[in-house]
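Chains here go by letter, A, B and C, matching the order in which they are written, and residues are numbered from 1 within each.
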């Protein structure tokens, strides 16, 4: 593409290497002014790296960047901001105990003499912005008290406050409800109308179809071309992204639910601050079925899982596993009742990263006699056991038994956790955000494993913030809102909009 | 990767680089203060290894810091910072003295009981700190320091108390000789012993002029045991898992709180043993009024860090530091250099072991230079 | 009444070095760097203050020297923990080993092998040497350092909460990546805060050796830095909170002195334990309710977010 002032941003021949690994290999990007330009690619394809280069967080090894037809050099966020680039990161860059106003002005403060903050004037400037763009944001609210959707708007305001003309949104819909996503798309079109240009990074095809004008595709660091969204289809985009034909639907046979395995009755759980996060929650999971819980992050999912695992105290109610109460005991006892959990944050809850792979695969069961008699731990047995898991779950690189877990890729780490949890042959398998941060291939394999476990006769409780995942994989869909199950549906009897409304606290039509 | 690079990325290299920098900094300080660094280091060396009895004394000095070193290393491997080794050591000396001078049993009973009481003292103090961390989440560093000072004054209290004070002195009553762990203590003073030793001057010098005791051997055994516990047992596995990722350990059904207390208990017991062995192994075989911290716990930390917190690595590390400390005294005598130079050196060494990238930093430089060279030569080939 | 005034006077006197140390802890930890080395920096300040005052005859120059030397030692900690992303606890511990060695070495070097300095000129009291002598309020004629400490507390509060520099420091301590994306130089902010921390700790050491006592001794600073760190936690990482906590610890010290000289028969060694026991008790009661800055103690490495 020629360099021309028609384009807000042009990046040509960008190469970025991390050591021996080439993250970006001559990637091009041409963003027309006043358009929404999507960058599509799997996790790890290099989308975010490309944007971090544009935002000055990384320096490219080769290639040039042009804005309005002129070459620019951006070596720090400060310079990016000066060039009118604003970025909304996937994990919000907000100081949680600061107010909205403090977060917006940080680094570009409104000051009187000698660096003394003029908070009144700052607040007024923020208010003006809020009104100009019609955002629903309270400038005095503290970040940790407002919804994720509002936090995202604060991030956009941060960029606008600095006079951004080009906005980069990194996976902006990952944490939003369908209704919030609609609102975001509205905001994006509004910004375009006011003269801004938007780059959106995503791996969600549907949103590209809804919001973007053009879409550039990156596969494993290689530029695969740019398509006009109007003349394309989800399937075409998907195969360009993955490099093969992708089956977008999850294949499974009908479920054959049997007895109730997990039964939760009137469960109430408070967090550390004493606020009820789970209130009077009722839920049954039968063996041979997958119950999926849909909901927005922060509606009691974490506390529910913690309570089942006996990591959080149930202030009232009961959790029954095969008819026996397990609440308020300890994690060891819960494990002994044949409950296995795939945790949401694998680095925090699932793995001891500096330990070897073979040590990680026996985290719960190192005490069993099969791994050594008495007080000794038999590393040969660990090795043998782990080799089998590595083979049957295709954990790569092969022969990584004595490597540190931290050396494995995210997808392989997740495979290791799933292999470990399934190796118990559990009666109940809880999968909390099991595909977070995985690429398409890995997601497919996780879903297949869940369904295979169901068909073996395990009860599966799937908790996910990705509505599509819940809708595709579950046999029964339950919606959680403010710590309660506000609706339960058989798969196929409910659509996305109904679920979205329930997730946001509305009434189902 | 060439050999130098590989070496520099290893653990031993980090320690070596830190030691070299420690000597270099000390040399700079010495020059600045007007001393001859080469002569000073020479005096240091001959003061530590010049005579058989010096070498024996180095091992005697190494014993307590090897044990406190293992104590700190063990805690560190399980994610805890036992800066309280000093206090646990002191409590070990106090309890060993109290028990050792109150009881007078036959040696095979007396020695284990005295050593055990020292261990119990250290273990309880360690467990208390662990409990404060597990139960209330108070950082062990602060509580350990507080406990160090509390035991410091407790020791002085016991020394000055009516029950244990030795009149007209600044120390408590010595323990009964049946508590001694000195090697060949009885035999070497007997006629037969003297006659035998007369023929072997170096052994005579070591045995009769120093308090060579079973301490160092016991400490080495402890190092081996702790190393096995950490690497080859289920307990060690759990403790390490708790130390490296508390949340994942808890999630997997490991009793995190119990393991924290247990880890500090074991760590404290080792430091307590160090204290007890000092009482049973070296004169005056009792506690004395403390004016300042003796530094056995703090030197143990240096030992542990330079050893990369590997229990077996503590053995050479403790000998290194013991020779610095013991040899440092001769530097003061021979050269008039204040022996505090040794503390500066040790502090510098620990500081540089804290910098994880220091040896790999040099490795990276070499790598880059090599890569640049290879690139240049490969381009040369292409052109040709 | 007399006893009350005495108690108040001694409380203010003994809390002063702690206040400096604790303020140092607050500023460093607020920017995200744990500073266990406060103790060592106080020791360096203690010798620099006493020696500076002795040689120049001007205690203010000694006070200044203490601040500068404290900051120099802090520079080591900053290099290790900010630039090299080192283990901040180990680096702090190393400083705590290095500093007393260096202090004693300098002391012996300067004063013919003595482990303490000669008597140095002290900083004045607020109302001069005989300000309230003869009145019942004589003990309230506190050291000028006590007022400086209070002044610094006010200044730190103002800077942290009312200026853009403070906003940036707090942001860096909570979410350094966020600050970085807004063009704030995380490393520079942390360097400055650690240096200020060392300066304050140095002043704290000097306020022991040239205000409370008049010379440097080996035990002039014995655990004060660590008590100051406990005060930081107890004071919830806030300047005035830390100030109040230090007053409490100063109060226990005053009790030790009063009870030691009084008619109660408590062995002095047991009394000496009081401040340390008190620290543990206070921590047990308050630590669960106090939340550290989120990024405290975590090295910031660009690109790892």
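By definition in this document, contacts are C-beta pairs under 8 Å (C-beta built on N, C-alpha and C of every residue); 3 or more make two chains touch, one makes a residue touch a chain.
The shown structure was predicted, so the numbers you read here are calculated from the model rather than taken from an experiment.
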Check: By number of C-beta pairs in contact, which two chains lead?
Finding: B-C
Next item on the list: Quick one: point me to the chain whose Cα centre is farthest from that of chain B.
Entry: A
Item checked: Distance from chain C to chain A - Cα centre to Cα centre, in angstrom -> 44
Notebook entry, point to check: chain B to chain C: how many Å between their CA centres?
Noted result: 29
Next item on the list: Report, in whole Å, the distance between the mean C-alpha point of chain A and the mean C-alpha point of chain B.
Entry: 47
Next item on the list: Spell out the part of chain B that touches chain A in their complex, as residue ranges.
Entry: 232-238, 240-241, 244-245, 247-255
Note to self: Per the contact definition, I'd like the list of chain C residues that touch chain A in the complex.
What the structure shows: 162-165, 167-168, 170-171, 174-175, 177-184, 294, 302-303, 305
Notebook entry, point to check: Which of the residues in chain B end up touching chain C in this complex?
Noted result: 29, 33, 81, 83, 132, 136-139, 141-143, 145-150, 153-154, 156-157, 160-161, 291-292, 298, 301-302, 305, 338, 340-344, 346-348, 350-351, 353-358
Next item on the list: Sort out for me which residues of chain C touch chain B in the complex.
Entry: 36, 76, 80, 84-87, 89-91, 93-102, 104-105, 108-109, 113, 218-219, 222-223, 226, 229-230, 233, 267, 269-270, 272-273, 276-277, 279-280, 283-284, 287-288
Item checked: Contact footprint of chain C on chain A as seen in their complex -> 52, 55, 57-58, 76-78, 81, 87, 89, 91, 93-98, 102-103, 105-109, 111, 114-117, 158
